[in-house]
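I've put the structures underneath this note.
Two complexes come next, and they have one chain in common, chain A, joined by chain B in the first and chain C in the second.
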Partner chain A sequence: MPQVSRYLTIYISFIKFSLITELSFKINFLIKIFVELLWLSILIIFYEILFSNTDNIAHWSREQYLFFIGCHYMLGGIIESLFLENCANFTELVRSGDLDTYLLKPIDEQFIITTKKIDWSTLPNIIQGIAIMIYALAVNPKWTFELTQFLMFVITFTCGLTITYSFLLMLCSTSVWIIRNQSMMELWWLFSTLMRYPKEIFNDSWAHSIGWFLTFVIPALIVINIPASTMIRKFLHPYSVLWMGICTGLFMFASRKLFKFALTSYRSASS
Partner chain B sequence: MSGIIEAYNLTKTYRVHQKQPGLIGSLKGLFRREYKLIQAVENISFTIQPQEMVGFLGPNGAGKTTTLKILSGLIYPTSGRAVVLGYTPWERPDSFRRQFSLIMGQKNQLWWDLPAEDSFRLHREIYSIDRKSYKNTLDELTELFDVKKLIRQPVRELSLGERMKMELIAALLHSPRLLLLDEPTIGLDIIAQITIQNSLKEYNTKKGITMLLTSHYMKDIEALCTRVLVIAHGKLFYDGPLRGIIEKFGQYKQVRLRFAGDQLPANLNRFGSVSATGPIVELKVDRDKVASALAQILTQHTIVDMSVQDPPLDQIIAKVFEHAKTNSVPREFIETPQTA
Partner chain C sequence: MIKKNQPVIRKSWISIRKYLNILSICLTERMTYRNDFILSTIFRFLPVMTTILLWQAVYRSSGKESIAGFSQRQMIAYLLLIHISRMFSSMPGLANGIAHDIRNGTLKKYMIQPIDMIVFLLCYRCAHKITYITTSAIPYSFLFLICADNFDDFPDLTILLAYILSLLLGFLLGFYFEVCLGMIGFWMLEITSLLWIITTLNYFISGQMMPLNLLPEFWRTVLYILPFQYMAYFPAIVFLGKLSTNQIICGLLIEIGWALILFIIAQYTFYKGLKHYSAFGD
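Now for the complex of A and B:
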């Protein structure tokens, strides 16, 4: 417990310091928030255009898919606010040798490297995601609240978040060998884009193998699909949940191992 | 007594990509890469005892920083063994990292846009320093480095010298037993250099901290270290007292004489090389012949003022580096510790 409280106190300092830093450049901060709002608006307009032409997409109704979008937006908001900038910056830390100062601290390296900076300007995305989800549930006449279902949503959403974070960590770990790692970060955006489609769109024969690959090899499709289905469609296949649990464990374990192994190859650029 | 740092045959080899010049060279590199093995550190062994202040000297690329990085656990050696504070450094347990600090003159560990005090508080949490000790140590250190009034100023608005003092405070807040310093005074003006030298010396006297210091400023080494390690081309070339290196490589002494009257005596060059500015003459006299040369000059001429000095350390060290380039390591210069 003292360790948990120590890490919590350190994390609160990171949150505070990041906010102070962001606020000292307030114009940049406001522009970033504006850009995020613009992104959300474009997404909702795109969604409205889609549903003005059809009643459902791969058996997802208008309200259900809106919830799906909210869920994706919230997960993306959490990753972008808490981890993305840190992981993207890892390449620069390796290239410049500034990683040295992190490795010297008596603290878990993964913790300090992936959580030091909080991107406050993308934090409103989480609130927007929650707001969209609440709205989608409110306008859905068939949906009623059930505690078990809500708890299952929280658990599967956390699993999805863990898989995404672990995937990001694995990508950024490769920076130690590649040094300039923009292409790997492009893979992250690909993963993030693939997460936002219902897996049923891959049901056609020729697309089936892609869907299989994105479920069982690089499980981008389960990250949002399973928690969103759990909450809005009351559909919870035990094997899906089991697979999500296995993926979470595997990804956590593999990403931690890869990160630790990568650090052993760190060359520390000359001072 | 076992050393606070024990290094046994440390070797670090890097595989470095060799790129041919131009676009064609870059395209070739896409298909077939050529690599070269660079021996950054080769079979280095030494021991440092608690409370010692040791200078680590060598030309650029000699392997000083690489050795410091191995000893602080940042990189793994290709072969060899090291025990620092009783730990294998590259295993990096928290209990090891709590007991030392590495300061690199060109790297910044403080939050750039925040006052240094905020970074110090974060250090308190990371190193689990209790509030009372933190307050006492911070008071003591800000007084020692004379920066009490600056700790609430954003780091980006501090001068380079002030920033380095803050870096040193951050490094000493958890009262480490070992301080590794890599060019701590690089880019600083002479006043800041002297302040930092004095503060480090005072801190060593008070707390008995062990220091291993690399610097290209020989004034740092002269002010702080009694023992030096000289490394060249990855190999340890000299390990011994600073005085020893001066005696070995500074074969002459600088004798400065001011003669009465305007006329300079003839035949001074029989004592050594001569350079004269007005009535002042500077003689480079062989170390063994200084006493007899002075005795002769004093009996034959009227001297108004005189001084006898070692040549500047920079010149001696440059000579050592030059010697190291062309000669293998003289074994008598190094006391190799017993291999454990």
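Now for the complex of A and C:
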């Protein structure tokens, strides 16, 4: 317990420090929020145009799809606010040799490297995501609240978040060997792009094997699909949830091991 | 008469040779990262595939043969052709690079050397595009080969020439548009946020997300006059044969007009900006 409260105190300090830094550049902060709002508006206009031509996409109705987008936006917001910038910065720490100062501190390396900076400008994405989800549920006449369903949503969403974080950590760990973060960011962008589509669109015969690969090998497709399906479509396949649990455990374990291994390969290279 | 012109011809040749050398050096530099280029291109294929699958699902669910005048095959062909348009018109890092040079004072390197900054950047971008297009030709050919069924007959020579012209003009349009944005750096120190807004908006209004035919009539008319659609949408629909000869000529004239306007704005703001520039920094 003292360890937990120690880490909590440190994390609160990170939050405060990041907020002070962010508010030093208020205009930039506001513009970043505006860009996020703009992007969300574009996405909603795009899907509204699609749904003006059809009443469902791969068996997802307009309201269900809106919930799916909200879910994706919330998860993306959490990852971008809490971890993305830290992971992207890891390459620079390796390249400049500044990682030394982190390794010398009496604290878990993964904790300090992946959580030090909080990007406050993307935090409103989480609120926007929640707002879209609530709206989608409110306008869906067939949907009724059930506590167990909600709890399952929270659990599967947390699993999705853990898988995404672990994937990001694995990508970031490779920076020790490949000192160029362009490819890492490309792969992350790819992973987050794949997350935002319903897995039913892969039901076409030629895309079936790709859908299988993205469910069972790199499970980008289950991250949003399972929690969103659980909540809005009341569709909960026990095997899907089991697979999500297994993936969460496997990804957590593999990412931690890879990160630790990467640190052992790190050679301080600064002047 | 010939003797009198000789120094002028010699001077022009020296100038051309100088920029050809710059082009050659930039080509060598860009080829150093060719593996990175190929890897990035392959990474970009998966989102293309998911977008195609999404549209296939839309057509399947709607039961419609055509949406906004596009059949399913044409829509897929359009989504693929957009990548070719962007291959020419996208200029990653150009505006930010100019603003960075202004902010850090490194712009003065162009002032103490007999090099025109805008021509230098144009040579650099030409090299970038030549490398990018040649290295991504193989993976893109493979992609187009797989999706060949979605294309009707190959367009006739006139359409093909108009398409190539629209792509080349798209390159100039994209280049001068980004240069104009970069020039704002003379008056505003930090333009990154402004660029985010423009890039995000451009993604939608240039037709990269979907054909602009899906938008209401009013917005289509507005976007027809603005330069954005000529960087992605216009070349694609020229290739698909969706425009009449008159529409193609009008579109190309508007594209030329915008390229000229942006060229003049870029030159003028650079001239004005240099008067404003105090060369502080490194």
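Please note the rule applied: the second predicted complex is superposed on the first by the 271 of 271 C-alpha atoms of A that agree within 3 Å, B and C clash if a C-alpha of one lies under 4 Å from a C-alpha of the other, contacts with A are read in each partner's own complex, and residues count from 1 in each chain.
Keep in mind that, in the parts below, a residue touches a chain if its C-beta (ideal position, glycine included) is under 8 Å from a C-beta of that chain, and two chains touch if they have at least 3 such contacts.
Values in this document were obtained by computation on a predicted structure and should not be read as measured data.
Colleague: Look at where chain B and chain C land on chain A after superposing the complexes, then choose clash or fit.
Modeller: Here chain B and chain C can both sit on chain A without a clash.
Colleague: Answer with first, second, both or neither: which of chain B and chain C does A:I246 touch in the superposed model?
Modeller: In the superposition, A:I246 contacts neither chain B nor chain C.
Colleague: A:T9 in the overlay: touching chain B, chain C, both, or neither? Say first, second, both or neither.
Modeller: After superposition on chain A, A:T9 lies in contact with chain B alone.
Colleague: Looking at A:A58 after the superposition, I want to know if it touches chain B, chain C, both of them or none. Which is it: first, second, both, neither?
Modeller: second
Colleague: Is A:T193 contacted by the first partner chain B, the second partner chain C, both or neither?
Modeller: After superposition on chain A, A:T193 lies in contact with chain C alone.
Colleague: With the two complexes overlaid on chain A, check the angle at chain A between chain B and chain C, Cα centres, nearest 10°.
Modeller: 90
Colleague: Of the two partners chain B and chain C, which one touches more residues belonging to chain A?
Modeller: Ranking chain B and chain C by residues of chain A touched puts C first.
Colleague: For A:A207, is the partner it touches chain B (first), chain C (second), both, or none of the two (neither)?
Modeller: The second partner, chain C, only.
Colleague: Looking at chain B versus chain C in the superposed three-chain picture, what is their shortest Cα distance in Å?
Modeller: Across the overlay, chain B reaches chain C at a minimum of 5 Å between C-alpha atoms.
Colleague: Based on the A-chain superposition described above, do chain B and chain C contact any of the same residues on chain A, and if so which?
Modeller: None.
Colleague: Going by the contact rule set out above, which residues of chain A touch chain C in the complex?
Modeller: That would be residues 27-28, 31-32, 34-35, 38-39, 42, 45-46, 49-50, 53-59, 180, 182-183, 186-187, 190, 193-194, 197-198, 200-202, 204, 207, 210 of chain A.
Colleague: Chain B touches which residues of chain A in the complex?
Modeller: Contacts found on chain A: 6, 9-10, 13, 17, 20-21, 24, 97-98, 100-101, 103-107, 264, 266-268, 270-271.
Colleague: Please give the residue numbers of chain B that touch chain A in the complex, ascending.
Modeller: So the residues of chain B in touch with chain A come to 14, 65, 69, 72-76, 92, 94-95, 97-98, 101-102, 104-109, 111, 113-114, 118, 121-122, 125-128, 182-183.
Colleague: Under the touch definition given earlier, write down the residues of chain C that touch chain A in their complex.
Modeller: Result: residues 36, 39-40, 43, 46-47, 49-50, 53-54, 56-58, 60-62, 64, 67, 190, 192-194, 196-197, 200-201, 203-204, 209-210, 214-215 of chain C touch chain A.
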